[in-house]
Structure formats: structure tokens, C-alpha cells
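Structure provided below as C-alpha cells; questions to follow.
In this document, chain identifiers A, B, C and D correspond to the written order of the chains, with residue numbering beginning at 1 in each.
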Amino acid sequence: MNSPDDTGAAQDPRADAADGRQATALDMLRDELRAFAGEREWEIFHSPKNLAMALSAEAGELIEVFQWLTEDESRHLEPAALGAARDELADVLLYLVRLADTLGIDLFDAARRKLAANARKYPVDKARGSRRKYDEL
Amino acid sequence: MNSPDDTGAAQDPRADAADGRQATALDMLRDELRAFAGEREWEIFHSPKNLAMALSAEAGELIEVFQWLTEDESRHLEPAALGAARDELADVLLYLVRLADTLGIDLFDAARRKLAANARKYPVDKARGSRRKYDEL
Amino acid sequence: MNSPDDTGAAQDPRADAADGRQATALDMLRDELRAFAGEREWEIFHSPKNLAMALSAEAGELIEVFQWLTEDESRHLEPAALGAARDELADVLLYLVRLADTLGIDLFDAARRKLAANARKYPVDKARGSRRKYDEL
Amino acid sequence: MNSPDDTGAAQDPRADAADGRQATALDMLRDELRAFAGEREWEIFHSPKNLAMALSAEAGELIEVFQWLTEDESRHLEPAALGAARDELADVLLYLVRLADTLGIDLFDAARRKLAANARKYPVDKARGSRRKYDEL
């Protein structure tokens, strides 16, 4: 995504192109995780299959924070639960970024496209106040 | 994280502070998702509890892409599987960003802190080539 | 399933009907869990929504046992990993039984029906040695 | 568990020993799944690692049934949602039984032991009406 080809910015792809600049948070994490895994020689363990499992396990830990709370309680977490949620959200993001990297997927671009697709699937006038899936709207 | 207090940048926290600028990809998604939910009046459904469930369900769909593949196959996905993985990764990121927003958590900051903590828990010389948990190193 | 209507056994549905007798392992766990929750006044927390979350969190802990192992290693677990797997499998079963009870679902009957449906969806001659989904066979 | 050694029933372990007889529902599913996989030559795909992933993906589909419902709504599912829940519960049980079989784990025995351990960790007088984890009681 930050390659000149993608952004059309020949000299510094992050400097001008809106998308290029926006992606840098995820790019930075990607690069740091790549270095982190490389230094520890963990690439051999970091198959996409294994990383998908690790992400899913972290999602399970996130669920654990909320499982016995009411929805209302989940909106007003106590400090300990909020700290636990923060840690698990971070873990999910780290594995997500690492998994995307091993697959050569641009996360930010994928998310933007999905969001655009969701906007088409859930038109405001039909989806307002509804929990239905798009194919039931 | 982008508040003056956090970045120490009094006037425009995104302009100069490296961290502030880096966070913009996630900030942009956060703002778009907030608008997306607001227009559809979905805030009532978007309790952190429910969003954690939705994230976990998407992580399950991600797992499904890989469950019958060997690790090696997962490193060389066929186009259909790669497209499916991209969609599911996007879904996980979107719910992750939305969940963090409803909790008031700065995802990028949380990830950076977690990465720093992981670097302390997994020193390079002890963790190299090992799958052990930090408390077994 | 153990009702006279379902088993056709008018007097003691468990005494003669093969299915009725077979279900007793799950029935016993169901009854024990119902008593367990009742004594602790946990019914208020045991909504199907919450129990589905708890089951999913345990599935995440199960995943954690296997995430860095090769498939071959997962077939020959070391004692500590095997013990961890046993605990997590037990947790999943307990929440599964409890969740089915709160929904009034007969787990054994549901599993038998699903297995029969799977046999139709995956005919032996087409499915042999294949990982494809039924709609791609 | 149904071996004479485990049940102490020398002649027919299922005939008299309570535990032996109770286990038959899960044993029957185990045997049927073993035959199902064998006929289709799926043993090669059914590593414990892969089966744990499949179970987790089904748990994700179960979550999807409940994610936008209130707890109260989850206690009174509409027929379509109840049918979906039944199917997903069945899928989880089938993978659970199959996974336990590939690991040589007796599910019923594991669940009984876990339940006994939980009874010790959550004494009635301390746990009544509380959602706290055992180490916080």
C-alpha cells in the first residue's frame, strides 16, 4: 500500500497520499512485529494457520472479560476489567497485523473495502434500528 | 492518545508527534465506523459485550479458512481462500476498532505497550527458536 | 428425547428404548449442572447468551493448547498438554450441556440428526479423501 | 472408562456399573464418528489441532446466533434461531467427541472430574449469587 505503485507518490509515499499516510499506524506495527519475530526466529511458528489460532485464542480471552456482565455493565467497565480488555484488544490487533503480513494482505485497504461493501449491503434507510442481516432487510 | 495531554503536543497533536500521526489509520476507521453505526442507529446494539461476541464470531470464520489446511498450505493460499481470509481479517479489524471505541481504548497505544511488554517477557536470547510461554523460558 | 412421546416408551422412557438409555450420560451431566447452578443461584447469570460466550471462551483455551504445535505433535501430546486438553474439553462439554438445557435442546438427539444429515451431505464415494465442503463436492 | 479396569465390572462393564452405563451416549457418538471419518478416509485431516480449530469455528457460529440478542431474548428464542442454535450445538458436540477420541480422552469422565473440582472451587456458601472467579471469592 505504501509502495509508489499503489499510492502514486514517487518520492515519499507517506508524505502526500492520504491513504499512504493513514496506513502508517498499521504499517509500523507490522514492521515492528516482523522484526520481533525475526529476532526470535519465530517465523517457523508463524504460519497463517497458527496465527489464526492465536488470534482466535485471544478473542476467547476477550470474551471472558464480558461473559458474565450485562450489556449495561459492559458499557461501564471497572478499572480492572477495562485493563484486561485493553490487553486482549492489543493482543488481537498484534496477531491480526502479523497474520495479515504473513498473507501479504493490506489490512487497512481490506477494512476500507469491507466498510464500503457494508455500506452497500446495509443502506441507511433499510438498516436503521434493525439487527437483521443484509439478506433479511 | 491524540489528546494534548497524551502527546504533549498542545496545538495539533497529529501534526508533529510521531505517535499521534501514526495512529491516524485506526482513527480514520474509528470515525467511519462511528458514523456508520450512528446513521443506522446501531449504538443500542453495539454494547462492548455484543461487539466482543461479533469479533469472536468473525475470528471463528477466519479459523474456518485454515482448519483443514496444512501449515504449509496456509502459507500459499489459493486465490479464493486468500480472498476469504482478507474479508475475515477486515471484519475482525472493523469490530476491533469499533469495540475499542465504545470502551474508550486507544488501540494503537495499547498495541505498542503490549509489544513493549512482550519484548521484556521474551528476551531475544532466551526466546530464540522457542515456542515456550514466557513463564517457562 | 426422554419424554414418552419421543421414545415411544410409555412407562419409563429410559428403561427400554435404546435412545433413551443412550442419552443418560448427557442427562446425568445436565441434571448435575442444573443442581450446581441452582444451589449457587447462578441461573440469573446463565442466560443462553452468556453460556454461549463461556463456551466460546473455553474453545479459545482449547485452541491455545494446540496453536504452536504441528499437526503431528498434536497427535502425540506430552502429558502436560494432554492434561490441559482434557480440562478444556471438559469445560466445553459442561457449558455445552448447560446451554442446551437452558434452551430446552436435547443434545444427543440434535447430534444424531446432524450426523445423519452429514451422511447425506457427504456421500462416501464423493467425500472420500476430500476436504471440500459439501457444496463443492 | 468402559474397560473392566476402570469400572470394576468384570463381565459387562456397561451392564451394572453406573458410570459405564452412563457413558454410552457419548460412546455411541464416538463410534459413529469414528466410522464416519474412516469410511471417508478423513483420519488424515482429523489431527487434534485441526479438530480443535473446527470446534472453535462452530463455537463462533453459535456465538453468531446470540450476538445481537439481549440476554432476555436469548432465553426465548424464536423458532429459526432455536433451530440454528440446535444445529450449532450439535456441531460443537460432534467435533468435541471426535477430538476427545483422537486424543484418547474419556469425555464423560473428564467432565465428571471437572465438575467435582468446580464444586470444591466454588463452595455453595461463598459462590451463591456471585460471578466472581474462584480465586476472588
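By our rule, a residue touches a chain if its C-beta (ideal position, glycine included) is under 8 Å from a C-beta of that chain, and two chains touch if they have at least 3 such contacts.
Everything numeric in this text was worked out from a predicted model, so none of it was measured.
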Shortest chain-hopping distance from chain A out to chain C: 1
Same vs different contact residues, chain A with chain D, by half of numbers used: same
Matching chain pair for A-C (criterion: over half of the contact pairs shared, by residue number), options C-D, A-D or B-D: B-D
Chain A-chain B separation of Cα centroids, rounded to whole Å: 4
Interchain centroid distance [CA atoms averaged], chain B/chain C, Å: 32
Where chain C touches two or more other chains, by residue: 45, 50, 53, 56, 59-60, 63, 66, 68, 70-71, 131
Complex contact set, residues of chain C against chain A: 45, 50, 53-54, 56-61, 63-64, 66-68
Contact set on chain A toward chain B in their complex: 21-29, 32-33, 36, 39-42, 44-45, 47-50, 52-53, 55-56, 59-60, 62-63, 65-66, 69-72, 74-75, 77, 82, 85-87, 89-94, 96-97, 99-100, 102-103, 105, 107-108, 110-115, 118-119, 122, 124, 127-131
Contact set on chain C toward chain B in their complex: 53, 56, 60, 63, 68, 70-71, 131
